[in-house]
Amino acid sequence: MEPELAVALPAVGAACATAFKPRPRLAFASAAALGVAGVVAVILSRADLTSDQLGIPLTLSPASRAILLAAAAALAILVALPPPRADRSNLLRWGLGGLAGMTAMAAAPSLGLGVIVLLLLLVLQASGTGHRVYANRFRAPALAVVLLALAIALAAMQGPSLLTRLIVVCLVAGLAAALGVLPYMHEFDPDEPTAVSPIPWLAFVGPVLAVVVVGRAEAMVEGAEDAFGALLIGLGLMNIVVATLATWRTSSDAAAWRYSFIADWGLALCGLGLVVPDGVGAALLVFYSILLGRLPLYLWSRQSLREKATTERPINFIVAAALAGSAPFAGFPARILLLRAATSLYWPLALVLALSFLLWLPGSLRLGRTIGAPTGRQLIGVAVALALSVAFGLFPRPLLGLAGL
Amino acid sequence: MTQLLSSSAGDTFSLLVYPGLVTIGLFGLAIEVAWSVISRQAVGRPTLRWRRPPTVQVIVALLAVLAAVQFAAPFNAVPTVDRNLVIAAIAIGFTAWAELALDPELVARPGLLLVIQSCWLLSVLGPAIEPESLRPQVLGNVLVASLLPVKVASGFLYLLCLPALMRLWPLSPPAERRLRPRFNATRAMLWFPYCGLFTTLFFPPQADDLAGVIRFFGISVVAALICVVIGTVLARRGAERARGLYTRAVAPYAFLVLALIVATLALVR
Amino acid sequence: MSDVAAFTAWLGAATIVLADSRRGLAAGLAILAVGAAGIVWSQGEQGGAIVLLAGGVLASALRFTSGPDGWGLMQPGSTPRLLFVVIVAVVALWVALAATSGGSAGFRFAALTTLVLLGGRLLEAADPVVMPTAVAGVALVLGMVSGDGIVPYAVAALVTAGVSAMPVPAARRPRGT
Amino acid sequence: MPPIALLAPIVLPVAAAAVAAASSRLGDQIARIAAASGAWASLGAVAVLWIAVRSTQELSVGPLGFGVGLDLRLDGIAVVFGVIALVPAALLLTLQERGWQESTVALLAIAAVVLAIESGNMILTAVGGCTAATLAVVQFDIEDVRAARPSWASVIIPWIALAWAGVTLQIESGTAVYAAVPVSALTTQIFGLVAIAALLGAGIVPWRGWAVGMWMRPSLRVASVTAATLLPLSLYLLVRAYELGNGLFPQSWLNLVLAAWGVLVALGSAIRAQAAPSRAEYMAETVQGLAGFALMSIAIGTAVGLFAGLILLGSAALVTAALPLLPDRRGPAALLVAAAAAGIPPGLAFGGRVLGLADAFETGNAFGLVAVAGAATWLVVAAAAARSVGLPAGRRRQASDALALVAAVLGVMVLASGPAVAALASLATDAIAGVMALPIGGLAADPFSIITVSTRLPAAALFGPLLLLGAAAVALSKPGPTTTAAQSRAPLFTVPGIAVLTAMRERLRSLKVPQQYRSLFDPAAMEAVAAGGRPVLWLASLVALAVAVTR
């Protein structure tokens, strides 16, 4: 019963937050209580437990479960220490809605059902009040859904090996389009509320979606695993190089933050493409650092981004180091795992990756400055994010163990 | 501890008396007089009344004695195994720079001096590369045919560099613009280190007897006199000729010696 | 039967591609639902077919209630869309009959042609009413291709109806990046 | 001594950093006291741990999750490098005025350096080193964000290279634990990565790198602590490479190349020093010069050479601690520190250089040529030091007389400890024996002399009396006249070709895309296309991906 509850409770929580909007306290209390209950259900949904209460077997894989917990933790941090001008119940509404969808995608027995849930999430997000044209908000995720659906349809057919390779293309391109990484970047408006911007695809829903798609893809790309890995690595490298340089050089600080998420995704895609456990572990650590580091820091920087206030205080440099993936922060062990995975497969790839790690530095210095001079709850939040990053950077074993690695 | 005290006593005697401070002083005084005679300059009278010596002379003296005790001089109390060519070469090399640091008025053209000193260092250490030994007496004893060309070439380079290193060239330092000659105590303390090292490196070590002592100091005096003669000739030819000799002749010759050392190394291996 | 259903599904998707107003879009969605349900029925999933048809028809009814009035079929400037519809049909037919096997040819044709047509419509459209209609169609097709047991069909049907029930926010001029 | 105590040298500075940060509201003095206490406590912990057992101690806490365990190992060589890194760092944190933020970050950096040195495996060393390098950059920016500092990339590259070497070792031999890696696993490629880490980790390069440039900052607080910790840490990697190779590098030519590189570094530093327009710029080269000689000595590949390298690193540590304490004005302190760095006999740097050069000669072959070059470089160093006495100060820093006195005392310590070099050798024998075989008869037969292949260095018997005589004679002597700065400013010599190289570099830097082609390389336009959410681009990408995969 746990997976069903893990989906239903946050969904009901989001619904309560919406329904009780006129009474913010009640909305917050009910959504928070149901959200906590949903997280408990996720914790209780072990990989070896399959529930069939609704007529379909629902299971949470260890990796999905670990990322769901990290996403829930990120949401909890953001609700406990909300960014300036952010409404807690609104944060909860969007966060719990996303969490319910992510859990449903992760628990779904087939990729098809997962994609249907993805489609629902995309419609829900597009229905929010944003600054971008409605069609533009819709377009890229909808393309992702179509491409993934095409992959499922092609997988249901038999044919020449070319067919499997087309499935590979549809899966990888669909995943990239859903995330909004290169070459399928979503349109971005710096002034748009984060919940309806492309950021949630990159920083909240994306990790679970990637784990689900890559996990389900194994059966669909039989015989073309090499092409699947190579395509993921190729896209990953392209995203690393372009996005790190763009983070450094782009004119808008908010856009720089968006590119920095994409650059991290480059690392994750390389890790997923390397298919060995070290690569997957690296990708998971990148996901953790996105969810528990980069996303909260981005949200806490929004105020100073609006005010265009950049400072050069110690906290800015330490945040920059954390964002750059330097030791002792969480990015460094991810990079070490990636290096080992790449070296074990093809050492020139490790060389390219090692050199690419340096591209994070200039952009991260820029992003660190945009945090401004945090005070009060923001300062506590930044300190918590940095502390978590150091803890995972020095001792990531519990996180990887949680994901079954 | 007893061993330490006894060897310290021996080394202290070597530093202070033979072949150290006293020997350096007497040798230097003699050669300075000879230089003044040959170059027809009145030697300045050393002032015999006690006065505090300038720091520069003290430092130069210390470096000189440190170098001198490394020599293969007969009756040297420092055990042969304790002598080290690098210590001797570097200690002598430091003397010029002690002067620049503590009394820059005494140093003419330090840049050129550095070039010449490098050439001299090559002539001192070059012959030690193939034997792979730093014992001065071992290097003096090298008479292997295949190593002799390097030894001879290095010895010649050593003699060419010596007048410049002893400031016998006509490039007068800023402080020498006075008419009345003065006794150059600093230079006097350098005669034995340079000439003794030449004898040690390029001639077989002498036995610990009177004949050995006479031969050792005889060769050193001859080296000093050759230096004095070259210096006199340079002084007559003028500053420009001297500078030309060292920049256009000695430095290229040093490269030739280096090439010879490398070739010998390659051939012997 | 599956061949007729496949043709119907293509017709529904083609109608969604060629229509710009609520009547046309609703009709397209309904026809697509019939075609998809037919395909599912032909695979022996009668329950799923009924659920899918119900979801599609409900979505079509909801679409009928909102959006610009009229049919808006093949309005001036829609020739490229017409060509697109025909070319996709021909290519999908070749792929379904000559290049692939497994399942019925009707299923293969219907899946490929509807997904490509609806995908093309999603990329090309700018109207806030067209997008959810095309997405609802995609949900129907997703139910058709991934259904296994009644639940996936029910979920797909619910999502199809839900998407059409979503309010369409008024579009604003984009700012910033 | 329980193995868990091996954490103490790392935990103590971290705890002190926490105290320093917590006491921020109480003013910087408390933080300064905490910083000093933390650094000294770490040093004390290392000393106590070693003295209590006098043998290698190990602690394995278990896997950390990224393929390595928290393996700590305190052996002799780790103790030696720990002391060399911690003594100057502790001195500087005690004597220099620092804000609480700087003190906190400096303590964390020190803890990271100790972790890197105590680490039992290469990857953990890389983590510690990368942390220390990152925190050094943070310190530089806290101190003065406008002043020139090492680029972040340049200090991170070596540690990424080391991490790569570590994971390659894991793949090829199953482990990166120093004590467990099979000798055959240290291939030339892996050693190349370790060497890159060692050379770039402390900026040991012949040109004017960040290791020299950081000494030109208006304030030397962070530069001194960074040099004190990162220089020994970097050369420590080469020593560990000896341990991995059972006392040898994978190929003997690697020893020669590294030794030659060391001489080149020292020569480059000496050439810049002899042309320095100010004393500040001269002093900026002193540590680099010592580092070059230390590298040359360590690279020779013998126990004597390694010991000489350690002696030179020790001298560099004391000079590093003295440099930021020197006042601008000329005086005995500056003279003593310059003399100590230049290797005036019978100082510690003199003994180290003599041993290194002698060892190179006795190793034979091309090492003899390297030794001749090293000796010539030493004379250039001496000339530069002599010239520096008359140079203008070049910086406007105020240093109290008390600090100047401490600097002078440190200079005297370097100059006066030459006679003790043999005693140090007998202390370091066990440490050196842990990484390479000692010569027959050991390094030092007794605490008074050091045995090399062809000679014996009678450190106590010769240098002792010379030191006493020198001290007495200098005390009785009369200082000479002072120089005029104008004379001293002229370089002793200029290297031909330098001007041409500089001009070429400037020309390369000034190269730009011609105006008419700039539109082709407009990043903003490219970004607009990529980020515009354009379906045409997406479809084109889809086709490209399909073509790429189906070919």
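Details
All chains are identified by letter, namely A, B, C and D, in their written order; residue positions are counted from 1 within each chain.
Going forward, contacts are C-beta pairs under 8 Å (C-beta built on N, C-alpha and C of every residue); 3 or more make two chains touch, one makes a residue touch a chain.
Because the structure is a prediction, the values reported are computed rather than measured.
Each chain gets a centre from the mean of its Cα atoms; the one farthest from the centre of chain D is C. The geometric centre of chain C is 69 Å away from that of chain D, both derived from CA atoms. Rounded to whole angstrom, the centroid-to-centroid distance between chain A and chain C, based on C-alpha atoms, equals 30 Å. Distance between chain B and chain D, defined via averaged C-alpha coordinates, is recorded as 36 Å.
A straight line joining the Cα centres of chain B and chain C is 101 Å long. Counting partners per residue, chain C has 123, 177 as the residues that reach two or more other chains.
Multi-chain contact residues of chain D, defined as those touching 2 or more other chains: 531, 535, 538. The multi-chain contact residues of chain B, meaning those touching 2 or more other chains, do not exist; every residue touches at most one other chain. Pairs of chains meeting the touch criterion: A-C, A-D, B-D, C-D. Listing the residues of chain D that touch chain B in their complex gives 274, 335, 343-346, 350, 353-354, 357-358, 361-366, 368-369, 371-372, 375-376, 378-380, 382-383, 385-387, 389-390, 446, 448-449, 452-458, 460-462, 464-466, 469-470, 473-474, 476-481, 483, 487-488, 491-493. Put simply, chain A touches chain D in their complex at residues 136, 139-140, 143, 147, 162, 165-166, 168-169, 172-173, 177, 182-188, 224, 227, 230-231, 234, 242, 245-246, 249-251, 255, 278, 281, 285, 312, 314, 317-318, 321, 324, 326-328, 332-337, 339-340, 343-344, 347, 350, 354, 357-358, 361-362, 365, 394-401.
For chain C in complex with chain D, the residues that touch the partner chain are 123-124, 177. Contact residues on chain D toward chain C in their complex (touch as defined above): 531, 535, 538-539. Taken together, the chain B residues at the contact with chain D in this complex read 3-4, 7-8, 10-12, 15-16, 51-59, 61-63, 65-66, 69, 78-79, 81-84, 86-87, 89-91, 93-94, 96-105, 110-111, 114-115, 117-118, 121-122, 125-126, 128-130, 132-135, 138, 174, 261-262, 265, 269.
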